[in-house]
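Sharing a structure here in structure tokens format.
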Amino acid sequence: MKRHLAASAVALMGTTATAQDVSTTVPDAVSAVSPALEHYSANVTKTVWNAESLSMRDRSLVTFAAMVTRGEAEQLDTFTALALDAGVTPAELSETITHLAFYTGWGNATGAAKAMAPVFAERGIAAADLPGASPELLPLDEEAEAARQTMVQDTYGMVSQGVVDYTEEMLFRDLWLRPDLAPRDRSMITVAGLIAAGQPEQMTFHLNRAMDNGLTQEEAGGMLAHLAFYAGWPRVFSAMPVAKEVFANRSE
Amino acid sequence: MKRHLAASAVALMGTTATAQDVSTTVPDAVSAVSPALEHYSANVTKTVWNAESLSMRDRSLVTFAAMVTRGEAEQLDTFTALALDAGVTPAELSETITHLAFYTGWGNATGAAKAMAPVFAERGIAAADLPGASPELLPLDEEAEAARQTMVQDTYGMVSQGVVDYTEEMLFRDLWLRPDLAPRDRSMITVAGLIAAGQPEQMTFHLNRAMDNGLTQEEAGGMLAHLAFYAGWPRVFSAMPVAKEVFANRSE
Amino acid sequence: MKRHLAASAVALMGTTATAQDVSTTVPDAVSAVSPALEHYSANVTKTVWNAESLSMRDRSLVTFAAMVTRGEAEQLDTFTALALDAGVTPAELSETITHLAFYTGWGNATGAAKAMAPVFAERGIAAADLPGASPELLPLDEEAEAARQTMVQDTYGMVSQGVVDYTEEMLFRDLWLRPDLAPRDRSMITVAGLIAAGQPEQMTFHLNRAMDNGLTQEEAGGMLAHLAFYAGWPRVFSAMPVAKEVFANRSE
């Protein structure tokens, strides 16, 4: 409780998130059952969140995406507040759960919405302030999209025409073109979700796309190190060979 | 709250589930933090749930199975009511969680039971109305089962005799023969669970079994498109090559 | 409620966990919505938990680890009590969630801490009784660690130096050397976590390490059979080929 108040106080002061704020995400129960875990948590707060490879704003967004993907709604209010304090806009968080509804399942997004709503309400963020259903979309590279669609149609049309059609209409001609989350960020949370969900087999396309849209190799490496803590070491080690191959192919 | 009342009202009127009912599964928090997600949810309700490839009854059962597999107990009361309204019987839902206890872990089934119990109580569904512990089992194809058992014994007997024995006794000579969930439905929820859990490597056997027991290729394709929303796009795209191979092998 | 009281009564009597105690982990809702699931649960309690391949103490620790990995916090209070009754020490449980923070994600450990804290409080287990942040570490095989570090540095240094550095500093020169959970147990819960998370691709190293540290082949096979119920059959069947190969390579 005390910790939560401290977090709110920081928010009221209008400061952006610092390593100190991140420490508010460790509940008191941790120190009660594992002083060691509390110690490591403090270390993560101080060291990992401040590592130069990735900005604190990106870390808070990546952590938020991993938690949504893992269905960790219980702590998501705290991490929503942290992300907002770190400079992620309400519009970006709103777009993030919408994006992850498609990429990690509707139930995760719905659960996230329930956790976020009180935080948005407290801060006076209303639905009218958030991206609407039909904004003006970003321009589409029609040629690249036609090639993608032809490939997927040819490969999977006879398996499930529904999947092929929804993928074109809802994802690549709509969701990915929504303007209130930058393509680089949209890809970054997609990759974070794939790592957190244990799906390295789907990562090549999206990590390349993220880097095409501005995510640097250093940031990708920083995201892997960050997610080791929030998705678990084995998830990251299963993603490492895929990242290695993507990096190698891009440097050729 | 208003939405929930609407759902109950529909139930009291004894109508079966329609696309309108499905909209009751979207909590108010969604519109508060993401008008876009609310918009997409309405689209899923109208378009996806009414697509001809799969009946609404099957969609509600597949969604229920995916949510149990993903441990999404929080919304399971709503989806239990939806499934009952869509024509899934209480006995079938009861068998579904029992089946998924074995196929997606005991804790998921236990969590589902807690979410379902109040809905069953509200509707006056008592334990005495539900399938008992030892019903008269469906006939077993002894030859096919002997072949399966010999194969598993030879392959894994020295790894874990316990797994081999439990698989025979509890699954193939008991659970799969329980009469209150049709073999086609039992296989359908197993495949839905495997897709939702991200285990395409276990899907070949069960998708073939589902189709042997009456699931059509169009229904299987419809299930993949439906699960894109409830399990997330990447889960479905990892399952597509397996489905493609199963379909191809069956059409030879 | 009645079941919960029975469990406490057993605890007060100072007895260790028996098959009877395990039955307290089945909530009343199960019998309300599925008499069959209640029947199977009783069977699991009587047969599986008493199988000779693995001690009840190990079973309770493996189950606890699987539940933490799967994010099943809701029932974790009951299974915390069960593990303590079965002879797992508070220090070992404390170390277990700290270990799993790294191996299955911080959120799982945090959620577990919240579920465990009331049980520890009820039993008068205070933070001061638990392992501290910086105990005297077990001796390190410097040669083996240097070889491991060189291999990982060479393979992944250019992908994410952060992952490589954190792995050495936090895991292999710290966490794995903490003395209050035996190396055999630390590896056992790691393997249980990998099976429960569906990551057989990461299992070879850790199962070998577990067996190097004293886990017998019979116990490993017993753990697989046990986890079939708590992680689901498909998770175990995906792990079986890996275990088979590890066993075969070790017997050469």
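Order of writing sets the labels: A, B and C. Residues in every chain begin at 1.
Heads up, the rule we're going with is that a residue touches a chain if its C-beta (ideal position, glycine included) is under 8 Å from a C-beta of that chain, and two chains touch if they have at least 3 such contacts.
Only a predicted model underlies this, so the values are computations on that prediction, with no experimental measurement involved.
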Could you work out how far chain B has to rotate to sit on chain C, using CA atoms and steps of 5 degrees?
120
Do chain A and chain B, two copies of one chain sequence, contact each other through the same residue numbers, with over half in common, or through different ones?
different
Per the centroid of Cα atoms for each chain, what is the distance between chain A and chain B, given in Å?
28
Counting only residues that touch at least 2 other chains, which ones in chain A make the list?
71, 198
In their complex, what parts of chain C are in touch with chain B?
26-27, 29-41, 43-44, 48, 51, 53, 66-67, 70-72, 74-75, 196, 198, 220-222, 224-226, 228-238, 240, 243-244, 247
Can you list the chain B residues touching chain C in their complex?
71, 73, 93-95, 97-98, 101-111, 113-114, 116-117, 120-121, 127, 130-134, 155-156, 158-163, 166-167, 170-171, 178, 193-194, 197-199, 201-202
